[in-house]
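Below, each structure is written out as structure tokens.
Each of the next two complexes has subunit A plus one other chain: subunit B in the first, subunit C in the second.
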Partner chain A sequence: MKLPPFEVHRPSSLHNASRLLRDMGSEAVPINGGTELLLAMKLGLAQYAHLVDLKRIPELRGVRRVGSGLAVGAGMTHRELESSRSIAEAVAEMPRMLAEIANVRVRSVGTIGGNLCFADPHSDPATFLSAIEATLVLGDGSTSRRVPVDEFFLGAYETKLEPGELLVEVTVPAVPTGTGAAHVRMKVHERPTVTVAAKVMVERDTIVRARLVVGSVCGTPVLPQAIDKLIGAPRAAWSERVREVAALSAAAVAPVADAEGSSRYKQALVEVFVRRALDAALSNAQGMTR
Partner chain B sequence: MMTQLLEQPTKLSTAIGINVDRADARDKLAGSAEYTGDLHPPSMLFGAVLRSQYAHAEIESVDTSGAEAMDGVIAVLTGDDLMDLDPYYGHALRDRPIIAMGKVRFVGEPVAVVAAKSQAIAEAALSAIDVSYRVLPIAATLDRALAPGAPLVHEGPVRPGLAHGLGKLPEREGNICYRYGFSVGDMEAVFSRAAVVVDGEYVFPAVYQYSMETHTTVAHHRGREITIWSSCQHPFLVRQEISELFEVPLDDVRVIVPYLGGGFGSKSYTKMEPLAVAISRKAGLPVRIMNRVDESMVTTRRHNMKCRMRTAASAEGQLLGRVVEMWLDTGAYADNGPRVTATAGDAGPGPYRWEAVDVKAQCVYTNTSPAGSYRAFGATHLQWIGESQVDEVARRLGLDRVEIRRANLLARGGQVRPGAKGLDADLVGDVEEVAAALDWSAPRPSNRGVGLSVGLLAAGAHPVSMATVRLGADGGVTVLVGTTELGQGARTVMGQIAAEVLGLPPSRIVVRGTDTSYTPYDRSTGASRSTTVAGKAVEEAAAQVLEELIETAETTLGVARDELVVSEGRISGGGTAVTYEELIERRFGLKGGELIGQGHVGPRGGSGGFADGPVFWEVCVGGAEVEVEPETGVVTVLRISTVADVGRAINPLLVRRQDEGAVLQGIGNALFEEMRFSDEGLLLNDTLLDYRIPSFEDLPASMSCTIVENQDGPGPFGAKGCGEGAFAAMPAAIVNALADAGVQMTELPLTPERVWKKIQSQQGISKNHSTEEVDQ
Partner chain C sequence: MSTVITATINGRAFRGEVEDHELLLDFLREDLGLIGARQSCEVEVCGSCTVLVDGLPVSSCCYLACDLDGKVVETIEGLVGTPFHEVLSDAFVRHGAVQCGYCTPAMVLTAKSLFFDDLLKDEESVKKAMRGNLCRCTGYRAILDALMDIAASEPTVELRAQA
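Let's look at the complex of A and B:
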């Protein structure tokens, strides 16, 4: 459990970073906060001779307004985003989600981009950003493409990033009035045992759109189909439908058993936390504080 | 001498009973306090340890040539280097080799040590060592170790350690390391007339005694002298063990102890010191061995245990008899396992007036990392079991749980165990304090509950401590006492005791760390003994100095001693006051010299209070209010109350801090701490990511600590120790509170999943299950 030796490269542009990574191939890995990567290296789970430090790349920094939403630099730390006023204004639930990640020391170093690219199955941002339909901008300094967050993850620790490609920006759409987002989670150890995020749009006391993401229990975030049962539900039926969706979602996921719990227990948690997430999202949609 | 002094009409100062600032606070907050890892004697080398990846294997060969050929590698140690010694140590049983001698018995056992010019070189050299193992059958769990035909962890004769204190040693018997037990009364008769019998099987986890500083030792074996700087709690026992192991006279072994970053028992007795001395002996230079967290986790841990207990009571709620049998897993080496086992056995009955008690405690070897001391050992293992059965008796009989304790608890002077000192505390009063602090009878929602628990811990260890107090020519005082400052505030408290006796402000007292070459003997820092035993020695030493001052004042002032007043560094009488500086000058005829006092505490002689064991019974009492979320199994501790029954609080704030720290560790032990070993003996959660320690986010919203001062302790000013009792009380209080909220648990820790499963199974069976087990 000792960090093996490695060489650090510090490019100051996206283009150079991308070139370095492409040139060195599987010998190299990008690093930002290092809160997950260095730990994996200490534990001998990952070995790289070259670390490409992204902290000096200006394109990865800052939070910009884009229309009603935001473009968040992938190199922003959880702590910076947690205390960003523009994020709080655009997506009220997001700072609360960020504030629950690990502990303040990790949040002060770890970045949103690092969290997503590492693709640890136990991730709050992956779950939440999928639910609010955030999009990722991937690029290498010359070309770029957009990928919805929920399509970004191919499996545990696996993403759609091509060799030399970097996550540049997270496009976060605003959550408008009448739409409610919520993120609920539980943890036993350092990482979450279960994370559930939801977004619902309510018009004239009827649910017109609903999105649900269950995270941290499978290799990647899962979007249960059962959420469609909420669409068109009048207010009087919400409570019953939410419970129905919760039960169906739990039945549909096949959680991975690990140190956080057995598959059966996690399934029971999914039912509980789907219910809580939807209740909270509906409550938020109505402008109620929860 | 003390009684004579107390008759003096001297008006002593008020240095005790007040919250004197910690003597070490400034250094520690400024980062200037030195720990062993900060030290760097000239030419010091860095050690790295190659550890076994097998739980049980014969070592066929070790090839160190590749490592030895590396630049910067000075020496590589293996078992072959120790053939000229009897390399086995262990204060209880001499069963542990300094380094694997042809065989490994747990994953993580040291097989080779590299000493190199840098830590990086030493680490790199480890991978250049080739070890060939022949894997043996493994007994990594209690069940496997106790099964017929189990692989034997140890063979050959049982050898007593230098501080075994275990009476006559039996012949080796399977994987049993030690047996303890006692039996009183006619159990059959008692059970035959019982109206209620509670019977259960219980499981207690292996736990890591996390401290911020890992085990760290710098050793220098030079010629026939050995100097050791180490993060150790018991420097004098380390000195003795090193002296025997390396066949060097006691005086030629010097153990120096800087500040410790926490100990909690994990640094008691001998840990990394023999290995550090052995590699230094080979390298000829000082070598540092500083464990990583994962290495400290396999250096020592708390015993996991399984237990069966039966409690019998009359229809009126009189506790009649208890039968308890327990098996404690001490891992591959005894370490302090026998003592832990005996203390667990003593805690088995609980502090009640039984007609019959039968205790059988077994300490068992397995192929896992060795287990030793951890704050409130034994008591923590058993109290939650015994107290949950007392609660269950009350529930079945419809009695209040405080009432059943009031009716059955031992009174002052009552017999705790055959042959031991009678009870020296007011347990009923303590329980009532706890209950009141929890609003015991207040109505609560069905998923909330309250629980309390009470128990006793034999405290004080062996009561042998010496101290020296030196009053210098400028009126300043140096206290030399072998107590280790491991964060508990020992140096502050020792200073307060000396200040109180000498009528000086505590700021005039300096308490040094231990250097066995100069500091007088102290048996150990543990078992809540320091204030009581070492503090008594400091009090006596200070009193000797005061006596010399008074003698000098009598002649100087020409006033009889019964007309003298001692206050704030001066003695006055007959209208004149003289300072201590002036008295020293008068006595020696120059501005120099010093007055030296010696204090001696032992089981016999000067200190009658220490003649019977234990030194005192530490009261383990506390309560909790918890809330359980049935759909997730999450248990939240809402409120805690503890009672520190300390006789006299020398520093009340430090007493509270002790209880708070013990509470937090107790919560961790109760709710989530658990070392998980695979069937092959591999520790699966050896990082602090996967092994969760308590942090501030686990603090209950409300904590209260009531300090009880009945001045009934054998220590200075009626004090007795504290700081462990609340630990033992916590898991028990939490388990009982959770049962009050409807979930009866028999396995710790109370992880959400474990609690959830229990709730699921309770929902699946008929509600009257608790009456099915009632006899008659």
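Let's look at the complex of A and C:
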């Protein structure tokens, strides 16, 4: 399989990349690792005459501490982040989530920004970052705006990015003591069949905040309302409430049937994985190891 | 459109023009005659086309040749004659970790990257790194045995320092 001909442009600043993309319109697309884009182009699912390579743009690189959290450059590879000490310190679950993406070769070149912007419905980072309330900084070199991860996705392969706008960095808040995050998933092939991520905050044996995101089953990650049933739950009621939330969440999502399974099968998976994610998040909140 | 690239390929300096849309796999096999990288699934899943770029395994089937500019590339042909190859091929032969051989160059290269990452330790780390390389003869046990055998060996400790 060969790629159709195209021209690669290599801007060295965000401003120039943005201008190239704006000037060339729908003929152009940004590329970083290319693990998803080149694949889609090889299979004839996407066609562009111009590729704007973002690998030489310094603004997209690095991991900076911002308060107790982190600003992660969109051009950082999964592998770089998987082995980053500052990430492990701020969000212990994140390196584990990253280490499960696809395979070692995809992680060598694929980037966190590329994963989010390609907006494949089967995405662990999208689900996890949404659960831990990460924010995306979108910009063009002169202006920028912030969008919470869960508002970034408009549909499968569709995001809020405007023409010429690029994802610059991902702001990752630290998960403080007393709060537990968890990420569980199942995969049969390279992409996850189901991904569930959760974040819960526990004070004096009572759940005071809870957030749940079900990913990889619908066009975009979804946040089941049923999670509110955990708020105020004393420890004695956790197990029962978790089961209730899992059943209600499974009933509320409408999974897309595909090669990974039927809609009903995926609903059954959602119930099991919501339960596991919440159990894990609760034990992480109490500093217990799974 | 084409781009002039400068790269180190199997220890030798390369400077030349590549088409912007040329894939690394085709560049290696067709332009340079380095056929150790195999063409198989073509969708980054099977791992047969693995080569090392700056020490890291990549799927050459979905990597642009023009992205090699300034990089160091290693294919199985470049590994032959190095101490890494000696240790790895020795272990593979000893454990019968080769059946049809189609996936073997890629297996050996991914295994070499474990020295670089210092992952050639416990079976869990090795499995995690190697699970993206498929063997259709399903010779996984022998491959894992070969790698675990050399994990604690003296040459491995020395090579880790060199990687």
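In the analysis below, the second predicted complex is superposed on the first by the 289 of 290 C-alpha atoms of A that agree within 3 Å, B and C clash if a C-alpha of one lies under 4 Å from a C-alpha of the other, contacts with A are read in each partner's own complex, and residues count from 1 in each chain.
By our rule, contacts are C-beta pairs under 8 Å (C-beta built on N, C-alpha and C of every residue); 3 or more make two chains touch, one makes a residue touch a chain.
Only a predicted model underlies this, so the values are computations on that prediction, with no experimental measurement involved.
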Winner on subunit A touched-residue count between subunit B and subunit C: chain C
Original post:
Counting only touches as set out at the top, which of subunit B and subunit C does A:Y265 meet: first, second, both, neither?
Top reply: first
Figure out whether A:A254 sits in contact with subunit B (first) or subunit C (second), or with both, or with neither. neither
First, second, both or neither for A:R191, with subunit B first and subunit C second = first
- Query: Which partner does A:V66 reach: the first (subunit B), the second (subunit C), both, or neither?
  - Reply: neither
Checklist line | Contacts of A:L154 with subunit B and subunit C, given as first, second, both or neither | finding: neither
Looking at the overlay, does A:L39 come into contact with subunit B only (first), subunit C only (second), both, or neither?
both
For A:A99, decide between first (touching subunit B), second (touching subunit C), both and neither. second
So the subunit A residues that subunit B and subunit C both touch are 1-2, 5, 39, 43, 103, 189-190
Listed in rising order, subunit C residues that touch subunit A in their complex are 1, 3, 19-23, 26, 42-45, 47, 50, 53, 56-59, 61-64, 66-67, 110, 113, 128-129, 131-132
Seen from subunit B, its contact residues with subunit A in the complex are 120, 123, 292-294, 631-632, 634, 672, 676, 684-690, 692, 695, 751-753, 756-757
Note: in the complex, subunit A contacts subunit B through residues 1-2, 5, 39, 43, 103, 186, 188-191, 259, 261-262, 265, 268-269, 272
Seen from subunit A, its contact residues with subunit C in the complex are 1-8, 34-35, 38-39, 42-43, 51, 53, 55, 79, 99, 102-106, 108-109, 189-190
